[in-house]
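Input: a single structure, listed below in structure tokens.
Chain lettering (A, B, C and D) follows the sequence in which the chains are written, and residue indices restart at 1 in each chain.
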Amino acid sequence: MSTLVVLPILFPLIGVVINAFLGKRLGEKVVGALATLMCSAAFVVALMLFSQVSVSKEHAIHAEFGTWIGVGKLNVPFGFLVDSLSSALMLIITGVGALIHLYSIGYIHGDPRANRYFVYLNLFVASMLVLVMGSNYLLMFVGWELVGLCSYLLIGFWFDKVKNAEAARKAFVVNRIGDVGFILGIMLIFVTFGTLNYHDIFAVVGDHKTAALALAGDPVAPAVLSAITLLLFIGAMGKSAQLPLFVWLPDAMAGPTPASALIHAATMVTAGIYMIVRSNALFHVAADTSNFVALIGALTAFIAGSIALRQFDIKKVLAYSTVSQLGFMIAAAGLGAYTASIFHLMTHAFFKALLFLAAGSVIHGMEHYSHAHHSAQHIDPQDMRNMGGLRGKMPVTFWAFIIGGLSLAGLPPFSGFWSKDEIIVAALHNPLVFALLACTAVFTAFYTGRQLVMVFFGSARSKDASHAEESGMAMKLPLIVLSVLALIGGGLNLPGSMWLEHWLEPVVGVHEGGFNLPIAALFSALALVALAAAWVMYRDGKRDTSLTPQLSSVSSFLNKAWQIDALYRAAIIMPFYALSSFLARVFDLGGIDGAVNGIGTLTKGIAAALRPLQSGFVRSYGLVMIVGVVALMAWLVINTR
Amino acid sequence: MQDLMLILPPLIVFLGATALLLVDLKIADDRKETVAWIAMFLLVGALIAAVMLLYFNRTGDVLYGFSNMILTDRYAALLDIVFALIGIGVFLLTLRYNRVHQIMRGEFFVLTLFSIGGMMLMAHAANLVTIFVALEMFSIPLYVLCGVARPRLDSEESSLKYFLLGAFASGFLVYGIALMYGATGTLDIATMLKQVERGQAPLLLVIGAGLMLVGLGFKVAAVPFHMWTPDVYDGAPTTVTAFMTTATKAAGFAALVRVFLLGPGAFVGSLVSAIAILAALTMIFGNLFALAQRSVKRMLAYSSIAHAGYLLAGIASVANIGQSANAVIFYLATYAATSLAAFGVLSEIGSMNRDEDHGLERYTGLAKRNPALAWVMALALFSLMGMPLTAGFTGKYLLFQSAVSSGLNWLALLGVITSVISAFYYLRVIVHMFMKEDATVAANNEQYYVSKPSLVMMTLASVAVVALGLLPTLLLNMFA
Amino acid sequence: MTSIEPVILLSAVLFTIGAVGVLTRRNALMIFMSVELMLNAANLAFVAFAQQWGNLDGQLFVFFVMAVAAAEVAVGLALIVAIFRTKHSTDVDELSQLRG
Amino acid sequence: MSVEFFLFLLVAAVAVVAALGLLLSRNAIYAAMFLILNMASVAVIYLLLNAPFIAAVQVAVYAGAIMVLFVFVIMLLGAEKLNPADTKLALKWQRPLSIVLGMALFLLLGAVILTRLGGAVAAKMIDTSPLAIGKALFTTYLLPFEVVSVLLLAAVVGAVVLTKKS
């Protein structure tokens, strides 16, 4: 049984090794097929493990492969834990992953670096599985870093464009900020509990249903737990793109669209939610952190939702909507509605993957004309203002988009409705969070409607749109499967059966959430009204179609993503720049070269400020040494008893 | 006889080097590679001897020899192994680099062997006399090796700077030893330790140890005694730089471990806090200066300073000295593997271009020209950055862990933050290698091959980096 | 001698003068001679302490310092001669190409 | 004040003056001569401190061999005239800072020495004859002694590498 546990990780890794070393010889088709096959095999094994978990007594499979690190007190086993939570996520990762692999065969066809792309995808699946399957925080961190690396590689996949390389770097750096929090949290966990294994830690924290703290009597314990959870949450902020660290996700759309679908919509970004739900025993007893988490989540949902209202890039809308939906999940986790959070994570994986793949199909279709005619005049194939009327030309894509969109908008009976409703019900006892989430729900329906109308209805607004063509079978098939999932995914936790709730009970405990008919009716109605409003406003295809729009101040504010990037530039990067150029002027009378921008200037500033200290003169070096000697001796004379 | 067995690894190196000096006379100038291979053969012998020391002393006893001048324990044997491996790695690089740069001379290998012997002796030191003699034994050949590429001015300048400042630092070291002797009446580290444990740590001893810290801090490039490092590493031939970043650092830290962590220093609070402050300064300034560099070689020099800071944090962690010493030695091994991999790439680049220009533009588009080199470099940089799954992460984790368990939370935090900062400059190189194209370089230039011995070395080093990252227990079990 | 304090103080004076010499002189030979003065001062301290503790260790250390100094001088002077051939100067301030 | 101590003060004064001469002289040959004078006076102090062997080695090796080498190189290079003008002094802060830091260093060292010392000199007179020292060198200090011989060999090789015409 335990050997079965490594197979889901092993299969994609085999794909990585074979494709990395033999990829050139095998050719693009074989590479794609092999990668897809490996991911599907992992899915099959995940299914088997899932069934084993469901019949096993303790609803979990432990598998240990000896000690990984054993130094002094630190003893970390190379152990995996497949329980109800991780097995559910494994199904999503491998299942949605396999579909996206399949889709990619069609999408990436003809790219000279296709082999590398599939290596990255396989590596990503393996890393994500390590993240959710590890039985301790260190292994989770390893997976955490690996998925970060894959994401970095995929965002910068088309690195020939400067913009993409910059986006990759931005993602990397912002994520590292979160990682600092995460690793500090892990260290604090180790110092507090003396172990990093989930099982032992949660046993110490105690039965989370009664919130009895095993550390009771130790007055610092609650404060320490708050610190731990807060640090962990900083990690989640980075990976799951929450305020204030969400800025990297919209830029991350620079990568290939299927990769965006897999990583930046369906799976990787949910790592933060998984981590919080996995640590629910800790978060449950740290009430102040949980409240903070809920508030940050709701604020993120609201801000990102409002930004999505005024975007023109088809992928940017979806990107901000992802941030917004992640905010929903984080808020649910902060409210203690862990099941609802995971439920939304799963339905979101279905419909957001579907939306991204459909968007990819649209972009693909739009590029058809300029590719076929070598048209010199390049228009942006991702700009919704160039689209319109694609309904008839791309029927499968259209219906897929409709199903995904209505699910996102939260219209019954689509899957998104059920999961979002559970979160909103859970927020009823927290008025501020509830208000923010309610507004966001309306925003969501509205921008979804706007997107649907701008892309598929009306008449074509460019030659590319009027000559668009439907994509091939490899791309259509995943769309169809995902459409079905997005349609019926709500069945996972329908009122009445509450299957997921019972399934996750061993991990997150009982939570009396549920269905609230008035709320459900109210939000269905609100969504319908918002969709209708979008239809009325954008039906004629006149609004928002100018490529050089005169935006009102509010619109411009939203379009520029609340000016947050500019804010960071003004609040953090520019003062650094000012300081460094000031230092540069002080230290180097010759003055520095003209300003470039951002970090480049910052580094240059530091360089100009510090480098003269390393003057090249031996005697100055000796002088610095003597300064050190005198300071050291003075310190010793003063501090020695 | 047993005395000789205890220092068999350095003994083999010293005797072999002396014999090699004579053999060298009989070898023609165009066949000096033979000397390199013989030197490697000698180091393999020393390696086997060190493994035997480890094997026959499985209980990890501390065995003294030569009237308590030297000792042999696990750390000594492990460091012997590290030094021998570094030597072999560097010699593999020299086969092409030294030939291209016309420094393929027999004396190069003899002097390097002398230096390695001194470093091994340092690992075995049990007496301040041994520390002093071993320190000079490995330093004096290094002064010469830095200048071996004369009349190239960079090389000469680096040699003179290293020499003058090194002699200056030696002055402090000797004066410090004199004061320590004056305070205790002995030069034996164990005897001093006993006195200090009895609570006799007069100010004279503390100041003496402080001056010794200056001398050793100079060797390991601790701020503010680091000023020589970037200039010397930059100007010296790349193979020599590779040797210095790895081996000199390890030798310096071997002495610091003996005197400060396992010796009397750990019992003096003011010294420990002073080391912690030095560690902090070293991390901050090493990383800040590295940010500003345009030359990869110089950047790695500053990065090596930064790593000295992380290591010093281990020296300052005195709550559990066994654990800290393990962490320091482990880190030295991982850093040696990582740094050798990186400098392997640098030396190959230097051979391809036939110069010592290591500006970033030399690395632009490397992934296209030499994918193997680019991947090795990327792996090494990730390890230096401290990315999980690489040796660098495990090493840093152990060091910061011991810092935290010694109550130096602030230092561990600073280490983590400066590691994040370091991602900026390491990543810049990776971006240049993988995400930029260089139009100016003709890809079909026949010089752009990678020499077989270097490739072997880089492959082994990369495997070590990954293996120590995935399964650190492999090495750590040897400590237990 | 009944007390060694004056000797140690003398050695501290000589050591300091040597250190200042290293920092203020520009001629490599002068810097080197100042270092020798520092080592000389340390030797003086060793011999004095040996007298105080009544053992030979200090005197023997001095022997090793002298031997090492001889080795350093051989290498150091060779280096200065080599640089003089290239640069026709022994001024260390002129050797400041490597910096930053 | 004993005769011995008076003699010490006298010789110490000579040593300090010679050191200052080294620090200040403009001519490298004079500086070398001052250093020799300093070493000779230190050798006298060694005699006062019951270290006749070290005193002899000091004169023979240090003042004799090493300093002769210095003088030889100075004359070989014709470097005795030291940049007389010192005009384009790039490091104008160097000199005052060095002196201030040197004072600080001395004050710290002096303070440490004065607070700690005062302990009586060991009563027993130890045997410091060349025979005793030789015995110690070849028994207790055998290993460092042998290593130093290798070190000298390495230095010779190094000197050849640095000066041989290639």
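Note that in this section a contact is a pair of C-beta atoms (placed from the backbone, for glycine too) under 8 Å apart; a residue touches a chain by one contact, two chains touch by 3 or more.
Every value quoted in this text rests on a predicted model; they were computed, and no experiment measured them.
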Message: According to the touch definition, list the chains common to the neighbour sets of chain C and chain D.
response: A, B
Statement: By C-alpha centres, the chain nearest the middle of everything shown is B
Message: Report the inter-centroid distance (CA atoms only) between chain B and chain D in whole Å.
response: 31
Message: On a C-alpha centroid basis, what's the spacing between chain A and chain B, in Å?
response: 41
Field: Length of the line joining the C-alpha centres of chain B and chain C, rounded to whole Å
entry: 26
- prompt: In angstrom, rounded to a whole number, how far apart do the mean CA points of chain A and chain D lie?
  reply: 68
- line: Shared-interface residues of chain A (touching two or more other chains) are 611, 614, 616-620, 622-623, 626-627, 629, 633, 637
Statement: Expected list for chain B, residues touching two or more other chains, is 129, 133, 136, 140, 143-144, 147, 150, 160-161, 164, 168, 172, 179, 203, 207, 230-231, 292-293
- prompt: chain C: which residues touch two or more other chains?
  reply: 8, 15, 18-19, 22-24, 26, 31-32, 48, 52-53, 55, 60, 64, 68, 71-72, 75, 79-80, 82, 92-93, 95-100
- request: Would you identify the shape of the chain contact graph, picking one of line, ring, star, complete or other?
  value: complete
Field: Complex contacts: residues of chain C adjacent to chain A
entry: 19, 22-24, 26, 31, 92-93, 95-100
Complex contact set, residues of chain B against chain C: 128-129, 132-133, 136, 140, 143-144, 147, 150-151, 153-154, 156-161, 163-164, 167-168, 170-172, 174-175, 177-179, 181-182, 185-187, 230-231, 234-235, 292-293, 298
Message: List the residues on chain B that touch chain D in their complex, please.
response: 7, 14, 18, 21, 66-67, 69-70, 105, 107-108, 110-111, 114, 117-118, 121, 129-130, 133-134, 136-137, 140-141, 143-144, 147-148, 150, 179, 183, 202-204, 207
Query: Which part of chain B faces chain A closely enough to touch in the complex?
result: 160-161, 164-165, 168-169, 172, 201, 203, 206-207, 210-211, 213-214, 218, 223-225, 227-228, 230-231, 268-271, 273-274, 277-278, 288-289, 291-293, 320, 323, 326-327, 387-389, 394, 398, 400-401, 404-405, 412-413, 416-417, 420, 423-424, 427, 431, 434-437, 471-473, 476
Chain A residues within the chain C interface of the complex: 611, 614-619, 622-623, 626
